[in-house]
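After this come two complexes, each holding chain A, first together with chain B and then together with chain C.
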Partner chain A sequence: MANYTEDELAQDLENQEYKFGFTTDIDADQAPKGLNEDIIRFISAKKDEPEWMLEHRLEAFEMWKKMEEPNWAHVKYKKPNFQDIIYYSAPKQTKKYESWDDVDPEMKETMKKLGISMEEQKRLTGTNIAVDFVMDSVSVATSFKSKLKELGIIFCSFSEAVQEHPELVRKHMGTVVPTSDNFYAALNSAVFTDGSFCYIPKGVRCPMELSTYFRINEGGTGQFERTLVIADEGSYVSYLEGCTAPQRDENQLHAAVVELIAMDNAEIKYSTVQNWYPGDKNGLGGIFNFVTKRGICGLNSKIAWTQVETGSAVTWKYPSCILKGDNSIGEFYSVAVTNNYQQADTGTKMIHLGKNTKSTIISKGISAGKSHNSYRGLVQIHKNATNSRNFSQCDSLLMTDECGAHTFPYIECKNSSSKIEHEATTSKIGEDQIFYCLQRGISEEKAISLIVNGYCKEVLNQLPMEFAVEAQKLLTISLEGSVG
Partner chain B sequence: MIEIKNLHAKIGDKEILKGLNLTVKAGEIHAIMGPNGAGKSTLASVLAGREDYEVTEGTVDFEGADLLDLATEERAREGLFLAFQYPIEIPGVSNINFLRTAINEIREYRKEDPISAKDFMALVREKSKLVELDAKLASRSVNEGFSGGEKKRNEIFQMAMLNPKLAILDETDSGLDIDALRVVANGVNMLKSENNATIVITHYQRLLDYIIPDFVHVLYDGKIVKTGGKELALELEEKGYDWIKAELAN
Partner chain C sequence: MTVIAHKKTALSSRLEATSISIANEDKALALGVLENTPLPTTRTEAWKYTRVARLGKIAFTNQEATISSIDKYNIDSSAPTLVFVNGHFSKELSSNDLPEGISWNLLSDMNAIPATKLKLENEVFNSLNTAHLTGGVQLTIAANVIVGTPVQILHIIKGTEVISNFKVIIDAGKSSQASVVQGYFSEDGENKFCNVTSEISLAENAVLSIDKVQYEDENSFHISTEEVSQERNSLFTINTSTLNGGLVRNNLHIKVNGTNCNSVLNGVYLMKNKQHVDNHTIVDHIAAHCESHELYKGVMDDKSTAVFNGKVFVRPDAQKINAFQSNGNVLLSDNATVNSKPELEIYADDVKCSHGSTTGQLDDEAIFYLRARGLSKRSAHQLMVSAFIGEVLDMIKNENVRSYVDGLLTERFGWE
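Then we have the complex of A and B:
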């Protein structure tokens, strides 16, 4: 009588293994370990950067040296030794790929294993997704470039943008997340190696999803990518980002910065499916994911962050919106799953500056194993933000008795005409629900998948179709041990 | 269909079923009545395979198979259906998606191909009409925000969709208005065939005006203590259970 008890579930979860744990055999061009001015000059030289970029990096490095690693998050981990990290690692064949056919077969294989066979995507989706692929620190393939070019859309690696569109990079980089913003943002500004850049011209609606896959491959490396998305007046773009890393016993550091700029009447949807290696079931290894993501909204504009987070040993991440323009809208939809010894401290900040600004926060935490999952959110309403509105809903689902869910909502309101609503629930996955499914002939595995996906539905609904399917699978994998 | 012999079951240290015997043949409708706490829902749960209960003695033969040896979902796939006394809510999972998953799991078990979207929708239309279920309810999340009566009606809808061999309805009539009662009863009657059977657990003889049982059983203190025809239900309605308790005491 194999009724699915929580003990069994807990056991399954413990035995579940990471699906993306493989390394690719490609020669890498690396910097020596450690961090100092020379390393920064090395990175900058490798990338053939203009002088202003190098100066920007060195300034950031000076700032970073004076800063301290933040301690306020509800996570415990051994602080990384910043001198023990390789800050630059690039696949050796760094020639640019003009077409998909030029891409190294080994690399293509990697992408296939990640479930992003381009052939397939081309076939299934026509030309609906343009993909940029960042492996370790360097962007290796940007597809559909020419098609986008016709519309004046720029979608390329960050390095290429520095070379080809320096005026845009110089003007906008660091305007949303200043170098001095926090410890990791400063570090990123000093050592970032690549990332994606995207510019949508005035009035253009980007006809396809733009997508970047990040993968850490080399051992001992850190990944510091930088993404800048600029939607000019009246434009629209939907941007997707996916992440994986191989299984390693060591902790690897990932400290990215993402800046979004939605000018007047523009809209940016930014979706992330994050599946960095979470460490093994004893908590060994895994990625430290310390990310700063922030967007700024002009008049009548909108930024929506959607994230499905199943990976990383430690996550520290608060995609935020600065609602500067009147009538602008910020949205945050999040599913964060933690299992085994994973720890996540994630949430959002909604800063209401303009009049009639609106924000919505939907956060769904799922904790399993001995993991800890925290929601941390700040809703800040400034005194000129008349008639602004916020609605927050933070739900936590517990799969075992040993895991923890925590909610830290902060509210600062300086305008009395504003309205803030906050709802929070915590529930344990119901044996009654599982039994009900079983009684209808549904297996325990499918039952859990149904219940969890149902619980996350509001968030999954925000993702583009292909991504939603992938995200559902990931949720199922992270929670069921259905792999292997 | 099902043959229950000397069934004993306990929860924790508390024995609830104390040597229960019941045989139901294909084509029959059996009603089980009995005072609160007698063990009616427990019997339904034990047959469905709820883990909280431990079967300590007895056998249950279901269509030639040892029911107690089957996992909960296998029992369901073999054609055992339980309409819950208190149906469960599953937020975010649409009724349609839920049922399609269930039907396909059952089909897979029988080594059949998944049902096509077209056939499935046709089935939904046909069966929701049968139980007069609002089309909107069919696409809403499973039981979420349903009224008590709507939940019960949804159970019958699910039963109609899954077309089980043996359906156990645990107080499906409680909380239903007269119209709903008629609809639920109609549903059961229309699904009745010589190949399936139904056990209705109820407190009210009025349901049995609509669903005519072949047998009425009294379950008391973990055992079937009296069996009769439809007239037994009338007698119970009139006289309550004291006379049976008295009979037993003698």
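Then we have the complex of A and C:
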């Protein structure tokens, strides 16, 4: 121990902060840097896509070229150079995995480190999570496929879906988030490499949680994945999404599109634990997380978004619900934690079109270090959405005197029988609360973690069990050393 | 660009540069802005819900007009009054003397107007007001004086395609106390445009309250900008009652520079037909240990539209700030619209800030209760509405103003 210097300790601490910061040494198959039509053709050819898909991509690319990068969000960052990104990177693989045993041991190791050891899950009976693992935008393994197949549930990678269920993909892709929706959605539509696809047939209640795990591994790459979840009439699905990335000094771009379609009487629960690499203490590196997520609700249906956001250098994300069908319900539960130089501009849009539609928004922001955390939301009640109801609550917790918490709600109402409530508070952790804990022998760090967990409970309660535990741990890690 | 240039010229094309001696830099800057900045569109964030393109199509002119009496407009008849018609001072209708401790100067009589505190860059209406200033008044409240009676400023706009670029400057001296009543009215004519700016400063320990009543007709546009700055231990209160007007936009910007200040902003708006009201408020907490309280409530009927955008800034190191903001709206008709945008931008941690916004309708059960007791539907509604906005009206401390506002409600909405 004599040689153990302070520097080493500091380094250890720094590494400890982001425990997913390792890289995996797997050969990757990459496209050259840059973005042009050839790259798009290259991606499409690599994926062996049908002609209509390529056309869709090229169309999106044409639109994207005409668009400008938005800058209305309350975040500051160096705009990514879109010609300096590798748009296709796939773990090298020549054949499809026949079974789990064929999977590259190195890859298995990666998953193990991420805590998604499928092997273990396979061995244990009664597990209830099916995982689709996406590394560098390419889906590498999907578990429990056969079991789901018995129920008629399709859960596979997006490229597989394009091959095997083109009719479903073609019919629904881009119906919720049109290609021209925004700059990053257009970019994604042009260059997306993979993602997850899920279809729940009529009246089926998916017996297990479906889960996708996203991982950026290669340096210099961007991750552009697409998720499409279709819940047919009367079905139910709970979907989880997790993300991590290695520690790198550069800013990597993640621009995903998630589309949810809940048909009549269906219910979709979509939970995210976002833990992309947030950059180091000085704000160097980290992922730019620019994501478009939106769901559309049919008659009597329900979409619930739950998110725990702890990672990413810059987040720009508004999971939204279009409440088109009468009596449909949209929910949004969010905990966003920012530390050091992280910036988050996140929130939701609830667009009430149908009668008797209801939406609930609970957003909890925690800012520490020198970070900035904004809630930006839209509640829009259209003229025909009679008797619709919205309740929004956005609370912000400030941990240091250098961080910021901001709220930008937009509330638009065109109907006299609707009720909208919005409230927001911003404050810091009460000294009396900390004092109370200290007095009972709980250390300050523990006290803060206790209070923060209590503060977020409303949201964490919405998460499926397995995720809730992980999310609580994440909160503690993210806020480590932020006691101001 | 040519189209925009055309619109821009229309807005100020027939206006002469102001004859009032405003600071040269201000004049140059304002003219530059008018030259180069198009009217805001709904793509401009601050004007997202308010369309002003119509203003660009009207060739406004300065006009002089006379009115016979101010009896109708006399909000607080006990108060000494300064009357302006289309921005020009009306000596006959005004009181000769203001209470002791308040001195006043017409801007047209002053040799040099102090440099403006208004933001001119990109602000077309502030620039229009500055470059083409028609008239206005400066009130100076002497230090250590408590002025018992309020001072009243009435502005009446009259004529067709007439514009009034009117300005009020209020300087409240150290440890002074005063209150000002402001009324904005109109008489016949189409397309009247009242573009008002106010620059209000409160020195240490000053107490100033403003009661503002806006009651122009449906053929008028009213855009008003208030730039308030507060030094330490000062207390500023403003009650804005918007009860009539075609398009009304209020920009209220309070900069709290000193510690221990208190800022109170209350607003009430009742609109019907196709009227449009837009309240944009900013409370900018630069210094620590301050409080701000904001309460805006409105009732919208027919095809009217209301916009509320309240913003609270807490700057870095402005610790121990308590800022509260609340906005309530009632929609009486399915064609009415409410857009509410309460915002917080907080850069300090030891603060208590909150905002709330509600949009809804009158409680059916309460209406039923009243009707079961023999009240007509109409009077039940009226009772409910008056209770709803009563919370804000009760903040008006000046009883004459309060009863005048009640009178306007009777006149405008047929209340009993």
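Definition applied: the second predicted complex is superposed on the first by the 455 of 484 C-alpha atoms of A that agree within 3 Å, B and C clash if a C-alpha of one lies under 4 Å from a C-alpha of the other, contacts with A are read in each partner's own complex, and residues count from 1 in each chain.
By definition in this document, a residue touches a chain if its C-beta (ideal position, glycine included) is under 8 Å from a C-beta of that chain, and two chains touch if they have at least 3 such contacts.
Note that the structure is a prediction, hence the values are computed from the model and not measured.
Annotation for the three-chain superposition on chain A: chain B and chain C fit side by side.
In the superposition on chain A, A:Q433 contacts chain B only, with no contact to chain C. In the superposed model, A:L284 lies in contact with neither chain B nor chain C. In the superposition on chain A, A:S396 makes contact with chain C only, while chain B stays out of contact range. Of the two partner chains, neither chain B nor chain C is touched by A:M67. Look at A:G454: by the touch rule set out above, it reaches chain B but stays clear of chain C.
Chain A is touched at more residues by one of its partners, and among chain B and chain C that partner is C. Shared-chain residue A:L151: touches no atom of chain B or chain C.
After overlaying the two complexes on the shared chain, residue contacts for A:L58 are found with neither chain B nor chain C. When the two structures are aligned on the shared chain, A:L299 is found in touch with neither chain B nor chain C. Note on the superposed arrangement: chain B and chain C approach each other to a least C-alpha distance of 16 Å. Residues of chain C that touch chain A in their complex: 45, 316-317, 319, 329, 331-361.
Residue ranges on chain B touching chain A, taken from their complex, read 48-51, 68, 70-73, 75-77, 81-82, 84, 87-93, 97-99, 101-102, 105-106, 109, 141, 158, 162. Contact residues on chain A toward chain B in their complex (touch as defined above): 1-3, 5, 430, 432-433, 435-444, 446, 450-451, 453-458.
Against chain C, in their complex, chain A makes its touches with residues 72, 74, 381, 383, 396, 398-428, 484.
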